[in-house]
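So, here's a batch of structures to check.
Common to both upcoming complexes is chain A, partnered first by chain B, then by chain C.
The block that comes next holds the complex of A and B.
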């Protein structure tokens, strides 16, 4: 074999295990559940193969499913909004701070290493009936019996914001850090106030980072089922909870397939839209 | 003018401090309460005690979950890092046609919501005859840690200069020799970072794990989850503290050792 032919083959040999794994463990399984979503669950024995539209019809027309889907998107949107509101000034401060940028960044990365379930359940210690806040209010005499603060939609959003905020800050930071500070100085020297310089120069230039962080927060938030299970009440189910219910509790795998695909399409459409206008590179920049 | 700027800056600083408090205070409370002597494990704290850690140590279910999580994390890190390093080498070191498409395919597992990935993998492998099992858990953890390993390793790999390898080759080393005695040592920090990342993500995962784990098998997060069903107990806080030490302490220790080694080599 010539050296050139070997050069050409080598990368494919190196790539084949990873590509093979993704194909076998993700791509083919995704195609498989597309097929599976047209099968029917039978009361006894294995699911009936075939081409039935029943699951899809139910997934798309059942008012309960539609309500949960709408609610999920609403929760994800509110979460994203609060992540941006909390995250932008923090990211701006880190970028422009003269001192311990490294420590601030390291602290920011720290939550990535702290388990998601622990960060979620930590709010029970704060807001639970014997948690820090109730204990404080009781001891100061503001209230005479503990208030029920947990297990509602607001605490689900709180938990999600707490979980997703680092993704937002990191993405905005990456974007802000790449902006030449001279641009803002130039704007002020030409007569703009600092606020004008910020809103007309820095903010627009950092929008790609804001958008990348927003996409991540939205997609990760909309795909969760653990946070509603821990911090939500019985009526605060999100769409992924329906998937979990169908697959694990009801063992209705064909229906579960249709519901997961519906979630994938809705969130996939968002990612595609983002990719169409902003490209994927900003996203991987923030992740790396 | 300068005054208003300073005031604005002070406001942003105060805001940022609040944001950091928001992120860390709840976690700090978990750690604090795990040392609580009070038998209900809630406020007010009555004293410092290690009784909840002792209770953990004597809790068979928790210790079993720990062993499962450790084994799963180590195997995931081993497989995922091997696949990821090979793929990153190909992408950074060779001219591969369709590189963008390949990269997109390789990071696809984090573009697909984890719930969907979990369902697809469970149903497909079950159809192939592999039901809920440790093997399924491992397959799942490998596939969704792989993109992170590839992103981390690729980022480091770009900064290693090609000409060092070319020098080795031109001095008569074979490509395999070059890889093991030049490329791999230079690559080690990237490999370690990738492996650590894969281990931590696997050790923390619950979203996919709840779909894939067989009945009776628990990892640490699923164990915490099932303990939460009753109510929050100081034992859960203690378990949380141990997990924080493992997933935060290990990387910090790793970074410190790496820095020390680098300094030694530098001198």
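The block that comes next holds the complex of A and C.
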């Protein structure tokens, strides 16, 4: 075998374990889901195998699924907005802090050491009728009876922001950390105020990080089902809850497969759009 | 002599009064200790194919009771380890079983006769040899007959306990008189808007909707009225709970004042000192639970465990722990002092006072109603 041929094969040999894992753990299960989405659920007993478009037709034309999908995208968008609003100042503060940057980054990572479900449930102890906030307000005489704060769309968004904020902060931090601070100094030396230097120099340069954080928060937020289950009221549901219910409660695996693929396509389209205009490199930087 | 025979002889001596309770438990413990300290070579001396049986149940106090009163003594007596898992709902568990390898799941503590029918429809049943489960003779005929109606030629499960899904209410805000007066209608009473809960289970929602619209739960004629009642409840409810732990937390923390609830869980709350009332309205939701042996399981080992679990000593201890009356016939077995005081207990052994779901009716409507409920819940 020639040296060139060996060199050509070497990357593929090195990549083969990772490619094998992706194929086995992602592509093959995905293929199963695709096949399942064309089957039909029978009222009792095993599903009917075959190539039927009924599930897809319902998923695409039924206003119920459209409504929940739009609601999911709306909740994900609001969550992303608040993550950006809260995350940017935090990331800016960490970047500009001199001595304790490592400790601040460690504090940012700390919530990841606790289960997401436990973190979500902690809001029940904070916002519940007998929770910390109501107890404090009652004891200080601000209110005379507990305020109902839990189990609505606002608490769902709150739970999601709590879950996703570190992803946003990390992405913005990576972006801000790469900006030369001399640029701001140069702008102020040329007569710009601190605010102008920030809005016209730093902010535009950090936008790729903000966009990467936004994409991560949006995709993760749109795909969650635990938060509305724990913190939502009877009506609050996101698209992933419908997938869960179709598969677990209704035992309708074919419909659940079609719905999960629909969500995958919608979120995949958003990622493709991001990649088209901003590229994936910023995203991998933020994750790394 | 095998371990089972050894255990049965001990049990026989204990029942005859030849052995006191302390000695009986001590000998079982000694057997377990002996098994624990044996060398690896001892295993070569006797062939034992089955080393473990998996049991899945509802968790919480139920699981603790099984572990303490049934599994540990069983392992001590037979050497077969019992691995216990938990699930939050029967639907979720069935989905897991369907996607598993045969034999991965062995015995499940399933709820309702319609679960039995669903498992049979999916071909997940086995044929139990009742000769290996002599304690079946102590079980109420009325409970077993429900399964025989689905599989007349065999049984894949034995009844284990029964209970009700009745109305649970906080006595600080709702009096016993008000509850008896309003019954199921209290769940759609605007006076308690934002303080009402409900199980996120389409069957329970539909059952109570039938009661609220004056219909028979096993023969709902006016479906539109029932769905409207579910919509009313949805609009007044603060939260649909999804597990027994969540039900107990919502009531104990006073997030909600009234909901339907599982009789055993409410009894557990009362034992903890919470002033929670429990009321079974006319035609309230009665159900039974069974120990279902799933296809692919080591059937003989499962039969042995089931027989052990049905023994009055074990069955009563578990029932007292989980607060659900056992399937044992109170006219044949002395059930002690606590069980006759439990909610839903039927001293006659006929269960004629309770209304159970007709499995044919409910399973026939499952596909349509479960999907419609998902829509109604979200405002459609």
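Definition applied: the second predicted complex is superposed on the first by the 270 of 288 C-alpha atoms of A that agree within 3 Å, B and C clash if a C-alpha of one lies under 4 Å from a C-alpha of the other, contacts with A are read in each partner's own complex, and residues count from 1 in each chain.
Everything that follows uses one rule, which is that contacts are C-beta pairs under 8 Å (C-beta built on N, C-alpha and C of every residue); 3 or more make two chains touch, one makes a residue touch a chain.
Keep in mind that this is a model prediction, so the values were computed, not measured.
Chemist: Assess the superposed three-chain arrangement around chain A: do chain B and chain C clash, or do they fit?
Modeler: clash
Chemist: Regarding the shared-chain residue A:64, is it in contact with chain B (first), chain C (second), both, or neither?
Modeler: A:64 sits against chain C, while chain B stays out of touch.
Chemist: May I ask you to decide whether A:27 touches chain B, chain C, both, or neither, giving the answer as first, second, both or neither?
Modeler: After superposition on chain A, A:27 lies in contact with chain B alone.
Chemist: Once the shared chain is lined up, is A:41 touching chain B (first), chain C (second), both, or neither of them?
Modeler: A:41 contacts chain C only, not chain B.
Chemist: For the three-chain arrangement built by superposition, which of chain B and chain C touches the greater number of chain A residues?
Modeler: B
Chemist: Can A:261 be said to touch chain B (first), chain C (second), both, or neither?
Modeler: first
Chemist: Mind working out whether A:150 is in touch with chain B, chain C, both or neither, as first, second, both or neither?
Modeler: Only chain C is touched by A:150; chain B is not.
Chemist: One more residue to check, A:233. First (chain B), second (chain C), both or neither?
Modeler: second
Chemist: Once chain A of both complexes is superposed, is A:130 in touch with chain B (first), chain C (second), both, or neither?
Modeler: both
Chemist: When the two structures are overlaid on chain A, which partner does A:251 contact: first (chain B), second (chain C), both, or neither?
Modeler: It touches chain C, and chain B stays clear.
Chemist: Could you tell me which stretches of chain A are touched by chain B in one complex and by chain C in the other?
Modeler: Residues 124, 128, 130, 229, 247-248 of chain A touch both chain B and chain C.
Chemist: Touching chain A in the complex: which residues of chain C?
Modeler: Residues 89, 91-92, 94-95, 98, 118, 121-123, 194, 198, 200, 202, 234, 237-240, 242, 249, 253-255, 363-364, 366-367, 370-371, 374-375, 377-380.
Chemist: Touching residues of chain A toward chain B in the complex: what are they?
Modeler: 7, 10-12, 14-15, 17-19, 21-22, 25-30, 32-33, 36, 86-87, 89-90, 92-94, 97, 107, 110-111, 113-119, 121-126, 128, 130-132, 135-136, 139, 162, 165-166, 169, 194, 219, 222-226, 229-230, 240, 243-244, 247-248, 253, 256-257, 260-261, 263-264, 267, 271, 280, 284, 287-288
Chemist: Going by the contact rule set out above, which residues of chain B touch chain A in the complex?
Modeler: By the definition above, chain B touches chain A via 5, 8, 12-13, 15-16, 19-20, 22-27, 29-30, 33, 40, 42-44, 82-84, 86-87, 89-91, 93-94, 96, 102-117, 119-125, 127, 139-140, 142-143, 146, 148, 150-152, 154-155, 200, 203-204, 206-207, 210-211, 221, 224-225, 228, 232, 236-237, 240, 243-244, 247-248, 251.
Chemist: In the complex formed with chain C, which residues of chain A make contact?
Modeler: Those residues of chain A that touch chain C are 41, 43-46, 64, 67-68, 124, 128-130, 148, 150-151, 229, 233-235, 237, 242, 245-252.
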